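Below are the structure tokens for one structure; questions will follow.
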Amino acid sequence: MNCIIILLIYVLGAVATLASNSKNAAKTALVTSLINAVIALILTGEYLNGNDVSFTQQWISNPNISLSFVVDGLSLTMLLLTTLLLPIIILASFNTLYSKANQLYSLVLFMAFAMAGTFLAQDGLVYYIFWELALLPIFFIGLLWGSDEWKIRKRVMVTFFMYTFAGSLFMLAAFAYLYTLTGSFAWSDLSKVVLSTKEANYIFLAFFLAYGIKIPVFPLHTWQANTYEKSPTIGTMLLSGIMLKMGIYSILRWQMPIAGNVSENILKTVIVLCIVGIIYASLIALRSNNLKRLLAYSSMAHVGLVAAGAYVGNSTGYQGSIIQMVAHGFVVVGLFYLADIIYKRYDTYEIKEMGGIRSQAPKFTTFFLIIMFASIGLPGTFGFIGEFTLLFALSEKELLYAVFAGTSIILGAYYMLKMFQNAVLGSTENKVFAEVTTKEYFVLAVICVVLIGLGIYPKLLTDLFIQ
Amino acid sequence: MSTTILLLTLIFPLVGTLINGFWGKHLSKKVSGTIATMAIAASFVTSCLFFAYIQGSQEPVKIVLFEWMKFNYFSIDFGFYFDQLAALWLLFITGIGTLIHLYSTSYMSHDENFSKFFTYLNFFVFFMLILVTGSNLAMMFIGWEGVGLCSYLLIGFWYKNQDYNNAAKKAFIMNRIGDLGFLVGIFVTGYLFHTLDFIELKEQSFLAPTLGIATMAFFIAATGKSAQLPLYTWLPDAMAGPTPVSALIHAATMVTAGIFMITRLNFLFDLTPDVQHIIAIIGAATALMAATIALVQNDIKKVLAYSTVSQLGLMFLALGLGAYEVAVFHVITHAFFKACLFLGSGSVIHAIGGEQDMRHMGGLKKHMKITYATFFIATIAISGFPPLSGFFSKDEILLTAFHHNIVLWVVASLASILTAFYMFRLLFLTFSNKFRGTEEQEHHLHESPSAMTMPLIILAVLAAVGGLISIPGNSWLNEFLKPVIKNNAASHPHVLGTTEYMLMGLAVVGALVGLMVAYFKYIKNKQVPVNDNNVSGLQKLFANKYYLDDIYQSLIVHPLNFFGSFFKNQIDGLINGIVLSFGRVPSELSYQGKKAQNGNIGLYLFAFVIGVCGLLYYLFMCY
Amino acid sequence: MSTLIALASLAVLILVLEIFNLRKTIVPLTLVGLLVALGLNICDFNSVDSFYNNMIVVNKSTVLFNSLFIVLTFFIVALGQSFYKEQYDKISDYTSLKIFLLIGAYCMVSFGNLVMFFLGLEILSITLYILAGSDRTNIKSNEAGMKYFLMGSFASGFILFGIALIYGATATFDMHQIVLASTQLAMPKWFTVGFTLMLVGLLFKIAAFPFHFWAPDVYQGSPLLTTTTMSTLAKVAAVAAFYKLSEVFFPAMPTNFVNLIAFLIVATLIIGNVMALKQNNIKRLMAYSGISHAGFMLMAILLGKTAEPYLFYYMAAYAISGIAAFSVILYVCQDKKEELVIHFRGFAKHKPVLAITLSLALLSMAGIPILAGFFGKLFLFTEALKQGFYITVITAVITSIISIYYYIKVIIVMFTYKNADTHTVYQKNFMYSAVAVAAIIINLIIGFCPSIIIDLF
Amino acid sequence: MEQVLQQIGIDQYIYLAILLFCIGAFGILYRRNAIVMFMSIEIMLNAANLLLVAFSTYHEDANGQVFVFFTMAVAAAEVAIGLAILVAIYRNIGSIDIDKLKKLKG
């Protein structure tokens, strides 16, 4: 079994989905994603057995670029996140009847293809190509299937597109510069390159522009809440669940190994920015009235922590960020799904207009509670393992970092519980909230099982990347 | 000792949770309640077995299930550690837990979410057991946060009332502040000693410069969970939950987690005397402050809540003085009488249909004999009259304080005198004189059913005789805990001298004074507390809880909200504006450029010639 | 050489066919003829040869450039089949003009002598003047023709004057001997002045700052197919000629010359991309986009011989995307008076394939992977960084970001369904669609496998 | 002829050519009548021609003079096209003032 199969299947699936009619598109996409989920699991098995599942093929001789897809602990974990989350996301979208579903799901699969490629590629340029490719589908998904008035949506999506694209072009320039030094784009060569501090600084900053925007890190975040709000739920899930992980993954894979000897001041500044972002986003989440925006800022706060951990650059930070990426992926998809379910019933994202759900839908409430508490890192959920490891990593670097970043567990609890109280609790006001359907139940149950299962026995996953 | 039996102790409540959680809706209330109660009872049985075992062999049991987390220089096990300390907590958690479950089957019988209540309650016990049996700090943290979760769920159990939800939220967040402390403590400890395991920590710990930060952080965690200054304000609000919850979680078990944790880590705290001093001072201050607030409270549960805070303060005082087993002793006796008091108040509230204001009670003695009797016993116990349990445990604290620092002793004694006063005030206002409620309420007054009175009786008995486990001079508890507590550095007045007897006498006299004042005020003069708005002076300060809540509101909550809005409305827009200006600048340039490109060929040619001149000038003149 | 002869014959043949009233066969026959010429051209791939006293030079790079020109002409002629439907009686003129244009382009890169270069340039220019003003009754076309003609001849004057000065310095028009002379003898100042004047003319032809002003106006006023030709074939040919000359002259220029060119590149990139932002006429937009691409290609020229494959790749990628884009623009604007961006509103709903084609073409120009334009830019950046042109690369990166905006704007308009003119019936047009799709497929192929072009060198 | 050249010097020819060229260029810049502009262009081209011929003699190389013929042919062709366009314009707007051509801008 070779890891490139996953990419091929995604492309084939995308084509098949495009070819199918609107009715069957979602099912085709689901089947494709499920096949890939299975394949990813098989690959994991093979990888653990020590089989080589990598793929390398010379592509362009001048400049030297090869199609190199290597599976290691990090990329495999990310691949698993992508492949396993995608069926959940697609299944979660069954709630909504999208027009031109075949195009939508085709784009979704194409985006999955690009994201999986980003995680697998070990050649800087191939990686960059996948990185950019992932941007196009989500742009169109947001643009064509998003909510709100066309004009506003267009402005939001264009800002998002321009912003992220702008950042990544600097990364391309950095790669081009690295190529002039090494004559290769291969990760194995680039990670060995010895840079002077000045060079490392510039390259670090170029990468940071790309990743900082994608993640997003304060103050490069302004696109995020708007984009999350205007995208259709499936787009929001893809964005927050998988796509922003590309940024953190890239820090771990590319930025820190290559530009690791960046000057301490820059590194510290970046970590401090991440931490400032945590508090900043948490406070905004506290004052958000729109559920989707609240979740967007909450996501930003969480990811800020992950980024801070990744930038610490020690092994604890490394594993912490991987763990939290997976945890956050499932949590945030769960949260947006919950928001979507509420939206389907109440037809609003305004928290003020919700309430009285608990008395009508205890199952829904239970799921809400579990996912919410996983989000704020309650021990026993996977979110805790991630936050714990990350905060520990920060404390290894500087205890004050951990203290300030740790305020997120307080503020996170504050805004989440506040939201929960206003959105779910309280009395009914003659609004009918139907209990979750079987499909919804299934999706939420899977997410909860993953979160709790991995929270209790994280080795199931962490063994992949911790030697 | 079979590990299976030990694990069963944990598993029973979990099974109870799961059964009630998944199928509770389909079960009848009776079955549901029985299952929950039986689960805890079964746990109690296994706890007893373990207690018997450890009493005999003295050998703690460590169970490691699997490796939970792994870092490059150490790993954290998913394991349990059953020792003497855990045994004590196991016993009274499951023991009192069983009683309160039993009580709840009756107390909650009219609630529509009956099974959910028991789900949460069982879940709480499960987490509490993890907290006390976890083999390392991280495991303890699971329980630590888990009980916080259940506390949140149970305080906000009547979720339709947003005030209750606010209280629940407040409890959780205040606890989280402490939890951050816990985490910081864990991090420093792990970083310093490369382990979080209690056994290894005990063996390997040494004094390091940053250890003080760790112990201070742990103490902050304890102030959160055990409701000490400055984080105690959630506990009185937590009375929003059903009364059995208050009894179990906010009096007997959860709030003692902080004491448990510090006792567990006594070897670390012993290394940092500065932090111990802080603990002692905070403990004493909390004890006095809460006691003064309790003087003027009119809500029956609020009085008990402040009383709890005050008593916990005394325990922390003991901890700060290094007298860990004294603190543990008071935890146990306090669990008995405070649970009894809460359940008693629950019985009262139950009887008058949910009324909690003492001003509308009175004269219940006639209607609720058992409740009154048990309540009376518990009140004497908490006020520190010999030979009931409270006397012994409180007196030991006072004695220890006296030997360390006379100021602390004075404060603590004052707090206990006040305790006697406000407890009797409570007793008299509730049970004596005439009923002050509505006629309809009076009509319904009745003694509670046996499922409620049974636990009351048992707890009252325990409150009465519980002091026997550590009577001065011959302390079984002290011996039992010896393996757990590394340093018995604190002086233990188990050899009684004149000073000790004098102090005991003073304490009793003090309690009597409290009683008499209350008697004269509320029985003889039949005073009824005035409305909150009409109080003045010191009373007003007390009634407003030293304005601590308001201070927090204006110093923390309001700024947070302000900054949240400020960031959301101003800063985010500003940043966005800066980002967009990167687009506006080219776009403005483009606009101006369009004007320049005016379609006039003369201009184009002119630019052409200028360009040529420029090129030539640069190349040939510009050397 | 045989290619040139074949092309010349083809052009004449087309005119002859008109005489024999075989108009229907003109376009197919021309296409076949072009294929033959392409074949002949490719046959010379490995030969190094010169003809007529080194008037025409054949080597690998000229063969490649010429092949590209022929391919582009092929597409343009094919598009002409539909475009000149209304005035089909003049098809022979238009078609033969395009072949002449190709001949000019051929001479511009294959010259071994400045005479040949000048002739090639003039053939190309004059043909374009005619084509630009070919819509006689349309005042805009007239204006475009006039503007282009006036400025073009003005530039020709500079080129000619430059050639004269160079001749004065070296006493020869032969490139080979000029190289020899410039490297061996101390040259009088006229030589560099002469080349600078030629440079001016060439910068004008590729529409680089500050000689770019004509481009938007002329592009806009010309008939659409002429715009297509200008922005693809003519631009690429001028760049190639520039490159050929630069090979010889750049080494002989003063040291601050590189800075000058770098400055011009930066300015061109900024002007092109910034000015494109606010355009609502697609032709103007493409004109400014073309200016910015001229900046990129100028960058490749600046980088010298090592960047030749990259220059060629960039040219190919740009021109092919241009063909694809303009085919779709032709399709959309067939019956429109003006080629406004709004006319594309909701186009994706009617013709998703063509809309996607245009999107891909524009994205390729913007430099989105995996399209050819991306590699073009990447190769350039890499090479430029290698040679230390940091500021140029950073400007290029920033302006690329700007460029995304106006490309994406057009794409979004196509996908705007709201308020879309649902009554618009787009006439079916096989040729436009076929050329568009074929061009975009070529773009994708060279995007997926840049090696097939890069490895040719 | 050579004598003349030696007497006057090649530099003078160059200056003359440049002068002519500049006259042509300024003519284009300042005149708005298309015909006059055409003439100016011709002056520019002829300046170049003069230079070519001068150099040709100076170097004793006939190539330069041959080039002049090419130039003349090209110039003729160019002007033919130019006039054709001009006629078209005149037909449409009845004027040959190029300042009236301002439709294309922005």
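Each chain gets a letter, A, B, C and D, in the order it is written, and its residues are counted from 1.
We take it that contacts are C-beta pairs under 8 Å (C-beta built on N, C-alpha and C of every residue); 3 or more make two chains touch, one makes a residue touch a chain.
Here is each chain with its UniProt name: A = NADH-quinone oxidoreductase subunit M; B = NADH-quinone oxidoreductase subunit L; C = NADH-quinone oxidoreductase subunit N; D = NADH-quinone oxidoreductase subunit K.
Since the structure is predicted, the reported quantities are computational estimates derived from the model, not experimental observations.
Undergrad: A-C versus A-B: which interface comes out with more C-beta contact pairs?
TA: A-B
Undergrad: Of all the chains shown, whose C-alpha centre falls nearest the centre of every protein C-alpha atom combined?
TA: Minimum centroid-to-centroid distance belongs to A.
Undergrad: Express in whole angstrom the distance between the two chain centres, defined as the mean CA positions of subunit A and subunit D.
TA: So the centroids are 66 Å from each other.
Undergrad: For subunit A and subunit C, what's the span in angstrom between their mean Cα positions?
TA: 43
Undergrad: Measure off the straight-line distance from the CA centroid of subunit A to the CA centroid of subunit B, and report it in whole Å.
TA: So the centroids are 36 Å from each other.
Undergrad: Can you compute the centre-to-centre distance for subunit C and subunit D, using the mean CA position of each chain? Integer Å is fine.
TA: Chain centres of subunit C and subunit D, defined by C-alpha means, are spaced 27 Å apart.
Undergrad: What residues in subunit D touch two or more of the other chains?
TA: Within subunit D, the residues that touch at least two other chains are 25, 28, 98, 101, 103-106.
Undergrad: Using the touch rule from the top of the page, what residues of subunit C touch 2 or more other chains?
TA: Each of 146-147, 150, 154, 216-217, 405 in subunit C touches at least two other chains.
Undergrad: Touching two or more other chains, which residues of subunit B qualify?
TA: In subunit B, residues 583, 594, 597, 599, 601, 605 touch at least two other chains, as defined above.
Undergrad: Going by the touch definition at the top, which pairs of chains touch each other?
TA: After working through each pair, the chains in contact turn out to be A-B, A-C, B-C, B-D, C-D.
Undergrad: Under the stated contact criterion, what part of subunit B meets subunit D in this complex?
TA: Residues of subunit B touching subunit D: 594, 597-602, 605-606, 609.
Undergrad: Within the complex, which stretch of subunit C touches subunit D?
TA: Within the complex, subunit C touches subunit D at residues 115, 118-119, 122, 125-126, 129-130, 133, 136-137, 139-140, 142-147, 149-150, 153-154, 156-157, 160-161, 163-165, 167-168, 171-173, 190, 216-218, 220-221, 279, 281, 284.
Undergrad: Which residues of subunit D touch subunit B in the complex?
TA: It is residues 25, 28-29, 32, 98-99, 101-106 of subunit D that touch subunit B.
Undergrad: Note which residues of subunit A are touching subunit B in the complex, please.
TA: That would be residues 159, 162-163, 166, 219-223, 280, 283-288, 314-316, 319, 358-359, 362, 366, 369, 373, 378-380, 384-385, 388-389, 391-392, 395-396, 399, 402-403, 406-407, 409-411, 413-414, 417-418, 421, 425-427, 456-459, 462, 466 of subunit A.
Undergrad: Of all residues in subunit D, which touch subunit C in the complex?
TA: By the definition above, subunit D touches subunit C via 10, 14, 17, 21, 24-25, 28, 34, 37, 41, 44-45, 47-49, 51-52, 54-56, 58-59, 61, 63-64, 66-67, 70-71, 74, 77-78, 81-82, 84-86, 88-89, 91-93, 98, 101, 103-106.
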